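Structures are listed in the sections that come next.
Next come two complexes built around chain A: one with chain B, the other with chain C.
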Partner chain A sequence: MDTTTQPTNTQPSAIEKVFAFVDERVGLKTLQAKMLNEPVPGGSRWAYVFGSVLLFIFIMQAVTGILLMFYYVPTADHAYASTQYIIHSVDYGWFLLGYHFWGSTAMVVCVFAHMSQVFLWGAYKKPRELIWLVGLALFGIVMGFGFTGYLLPWDQRAYWATTVGVEIMDKTPLLGDFMARFLKGGATPGQMTLSRFFVIHVMVLPAALMGLAGLHVFLFRKAGPAGPFRGTVEEIKAKTDYFFPRQIWKDIVGMVLVFLCICSLAFWEPVVLLEEATPDPGDYHPEPEWYFLFLFQLLRLKIFAGEFGQFLGAIALPGAFMALLAALPFIDRSPERNIFKRPIALIGWIVVMASILIFTVAAIINREFLE
Partner chain B sequence: MQPKLKSKVRCSDSEVGEVRRVIMDPLSHEISHIVVGAGAADSVERQVPMGQVQGVAEEVVTLRGTSAEYATLPAFKRDEYVTTHEVEIAHLEDRIHVTPGEVLVPFPELERSVKRRTFFANFTHAIGFLIGLPLAFPVLRYLMKPMYSPFDNQWLKIGNSGKIKQDDVGVQFKYKRKIKEAYMPEQEIDKNVWVLKATPKVLESIYQGKDMEFRDATGKALWTNKKDVPYIAFSGKCPHLGCGFKWRTHKTLGQVFLCPCHLSIYDAAGKVLDGPAPRALDPLPIKVTAAGEITIIDMEFKAGTKAQVRIV
Partner chain C sequence: MTGRETMSSFKLGLSILWPACWTALPIKMAFAMLFMAMGTIHLETKLGITFLMLLMTPVSVFAFFVISLGVGFHFGEGTGLPLLFLLSIPIDIWSLGLVARTVFLERLRLEPPASLGVGLWVRFAVAGAIYLPFLWVVQGGATDLARSITKSILDMDMLKAMPVAERIGLEFTAWGSASLVVLVALTFVGLSILGKLVEGRAAAAKPAGDTYQDLISRWDMIRVPADQSLMLTAFTAAGAVLSLLFWAVLPVSTPHPHECCKPPTEAVAPSFDAQKSLSKGEKAFKDAELKIAAIEQRAAEDEKEKQKGGKDKAGVKEGSPKSDGKPSQSAAGKPAGSGK
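Right after this comes the complex of A and B.
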């Protein structure tokens, strides 16, 4: 074959023909162009990767979650055994379960990073209030995933986290008792609880998350990215590029890093179950997952003692905090987005992060004291 | 060539205005009319069929006939049209090259009654509501089925009092309870209570001089713990948030019940010494035979409330 001849034949290949056929009917090229050619004001940044990374984590959670369901049985007499079977007998079961477990942690970490970034950049302000509100709902869904998924292995850790978690929910005024019984499907955790948590975890929350995440992205695309919080219009304009390729490249690097972290954790810190769930804790000291430790430690405080104190600490305080976040774009109406010119916002963020850190560390120190 | 928006429109004798809008045929995707207007936006605009158009040039559209004939053409009625953004027309942009501006298609005759459209919109909502309404209650009941079950007031054997060697010291008794949940096979779950042989001082602290009566859900008396019987059984569930507490030695408070979850501390009589618990430990109905066999009624109470609310 003569390789030096330039191809003079301009006839499209079979693949190109098929692609053209499909494109004519679907409009793939336009769709792709619209997805990729989104102008990013002020250019791509590493700070913007968290949204894409969260989407990636969610997809991986869905994939690993579906795979776990091939063996997992959501019944009080088989949940524990089937989870142990996944860990000890199924090839790479330990890895998929570990990935799913650490993936949920990565989700929580990235949600915090994503929310912090949006907060610090002032990106929740007009006209992006609805994106922020839908984002808060998504935050609630991620927490719901963590809470319901935690029960499924049906070991002591799972049982007690659920017992205490539902007791906390029980403290909601008026509706608390109904909500707690509704979730448990009775007075105490059992088969009905497991069935309910399972269906919420694998059907209700994924559907809600997909719908709301779609809405989140749609609203984001409609409003457009907020861009940097300083710089003149000309400066921002000069640096503006499209979503593809620079931002996508950064997003991909972010995804790869998160993927490697989750894989390493799944490999070096595999999931080990405790004894099978039962209402007698034995020597086990119940403790929630690390990202709830601060709340757990908070409830040990003397000011949150007694029935009213408990309502304050477990319901009113987190509720008021979430309400404040929801009201934020409507309270903070100044168009100023530069975090260094928003002292209350900056101090507020530092105080919240520092409190979470302090209470988490306190819970870990208390752990030693209990031994 | 297609007429352009803002093009001047001329009749044989004079200029009559400019192209304000174009109207397209939704099926052939051809321009069927142009809308011509002059002067203020609210002045009369006329709808000119493409058949009347003699020629289209860059920036100029020429009409057949005179301006007097143009004045006899029907006035343009905006509410008889919708914009192409409001209807789904495939491949529109491939055929019509009018941007920016309004590209219109006729609003079908049958759809022109606003009242009827509003009525149907409301009717659709009403139908949806009527479909949902009769489902709401059955669905709620369906989901609520296991939520409220009657109490089981059976006496359970938990062990022998011979295990208790010292007075006023909490001793854990583990026992199995059989549960039958809905369709599931009967299962045994592990539970525990803390029993202590109390000195009169501790008994006084618990009973305050009165016997303790237990009633079932209907208010019928089940059992009375006599104030002078020294054996006390505390439910193994911490009244703070439901964890399992332990008998531990505390640096300053001595021997106490301690819950490792949120660090509630209770004395031997179950009274709160420290920590966030809202009430004392929950004593259970207890019977001790002459041979030392201890039986209890396994009750559970809601955690986190000042008052005792029985849930199991």
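Right after this comes the complex of A and C.
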């Protein structure tokens, strides 16, 4: 038997050479280690997928939005026709628009789910207050995306939802009048309104979202994941693993599931435009997008009638709620994270979610009375 | 917790069914979307209920058909829907087996018995086929009752003056709460039944003798494939095939055109077939020749008749039937038996 060892080929391959070249200049290995080797206390969980899923939805919204912009004309006399053209004449245009439309809905749902998860897990507490605050700002941006994007098809639904929304904004003290006049750009919604909404939708908000999302991720990586809110130290330590591969796998499955849900919705309920926007509502009853319906129905209650009532329901109440959310990490200083040992937080969350659900469904039932 | 967990039937049923549903759903959704793109599934307005049925196929696979036939509830149209439920069976068996093995090992500290997935799936599916239609009927009845009671209360004279928005909110909250309580109670009972079925399998299982750290290692290894490269390759290949299929069957134009913008239906010109055209021309010539020959023959016969008629005109005039001034078939130039 020949005992001499064969000389091994230690020459790096072309790919390895390229990798080494880039690594020397960029620090790929360090970056990879930092990105993938983050310990996840207590192990990977499905509950942690919402952040990654939101990032995925945003990227898909950006891609579909850019493709739609190749055909969409943001002028009052062509916006409606170009949207119809996208739906009826552009190859796969109906699917792209449907995906973009339902993607915005998925984004709102996932933001709610992500915020709920952070709230219930007590992950907003010290030292993660800033992550929570930036997250709230991101929530506002997502809502802004929904509001500004709704006008762009320029049909009756878009026109009147925006008219109602801007009128509500007008009731904000100090800034309201300026904001409403700036967004409207004239006495009635028209070309200036469309231009401004378009610029905010495709330039201002994406830039703000990218910046804040980057800050959000940076702060998250700095503070580290909060981990489960219950379990012994031994159990959490035994189950702790790295971000790669288990959490990444779960994130990918979450993204695939969301993608499939959005595609299915685009098939099941494709975008159908109403008549082209006119300053006469005719038989159409103005209504905002579904995630603002609860607020819309709230304003129909008698206690919110009149000038002061409208201010109370449309501005003061949601404003106070958002202020409470922003102040939450500074008010709730108890280190206890287990939601079952925080009855006020649990009951508060149930009440808020039930109220949103009840008022949203009530708004849908209310349509029958209007028709 | 690091000791053996004592779980109620409800908690046991929930800890298996809930993750099993979500584990299987992405795969089932991929097929659902493909069938939708192919146009073999047309869902009705009850999208939420259909989605829930799809999510819960470990228990709803037979119940779906029982409810469709028994109660007459219409989920949707198309062959894709039953096919989807059929495809869900192996997916659910796999996901139930996977989740149940982790629960047995990590929570119950028991050695997972052989063919746990199939065993549990059969039990769950049969229990669901009996219990879900019952839940459906009871829940529907309770909701209807709650709605009618709420309506009659709000129709009372003292409450009639209530504004519409307040009335809607109050009415929905009242019957919705009653309906939710019934649903929660029925779900609790249903999950407890499933938990009992799992307990039946757990009673025969042997205790796992490893230390906690070893147990966690084994539990962890169940959750990842033995051959990760093979799994990744298979997953990527399946994803690529499904993506290609999706783009192949995805309609280029909207399957839901608006009334205003329906594309004009263009009449497609038939393709030119030289052979067919030539034979058609030849046939036309032959027909024309036959027609001319028939006309000439008829004309010659008429001429003969005339000549003959000239000789005994008076006799023929008396014996011929009345023509009423109408041209005869031959006079109209139509050859007998031509059919054209």
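We take it that the second predicted complex is superposed on the first by the 363 of 371 C-alpha atoms of A that agree within 3 Å, B and C clash if a C-alpha of one lies under 4 Å from a C-alpha of the other, contacts with A are read in each partner's own complex, and residues count from 1 in each chain.
The rule we apply is simple: a residue touches a chain if its C-beta (ideal position, glycine included) is under 8 Å from a C-beta of that chain, and two chains touch if they have at least 3 such contacts.
The model shown is predicted, which means the values in this text are computed figures rather than measured ones.
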Clash or fit: chain B and chain C on chain A?
fit
One more residue to check, A:Leu28. First (chain B), second (chain C), both or neither?
neither
Classify the contacts of A:Asn366 with the two partner chains as first (chain B alone), second (chain C alone), both, or neither.
both
In the superposed arrangement, does A:Leu301 touch chain B (first), chain C (second), both or neither?
both
Should A:Ile347 be classified as contacting the first partner (chain B), the second (chain C), both, or neither?
neither
So in the superposed three-chain picture, is A:Glu235 touching just chain B, just chain C, both, or none of them (first/second/both/neither)?
second
Once both structures are superposed, the least CA distance from chain B to chain C in Å comes to 8
Just which bits of chain A does chain B share with chain C as contact spots?
300-302, 366
Chain A residues touching chain B - in the complex, by the definition given at the top
75-77, 160, 163-164, 167-168, 170-171, 177-178, 181-182, 184-188, 190-192, 278-282, 285-287, 296, 299-302, 304-307, 309-310, 366, 370
Note which residues of chain B are touching chain A in the complex, please.
143-144, 146-149, 174, 179, 181-182, 184-185, 187, 189-192, 236-237, 240-244, 260-263, 275-278, 300, 302-306, 311-312
In their complex, what parts of chain C are in touch with chain A?
1-2, 19, 22, 25-26, 29-30, 32-33, 36-37, 43, 47, 163-166, 168-169, 172-173, 176, 212-213, 216, 220, 223-224, 228, 250-258, 260-261, 263
Going by the contact rule at the top, pick out the chain A residues touching chain C in the complex.
43, 46, 84, 87-89, 91-95, 231-232, 234-235, 238-239, 241, 245-246, 253, 256-257, 260-261, 263-264, 267-268, 270, 272-273, 297, 300-302, 358-359, 361-362, 365-366, 369
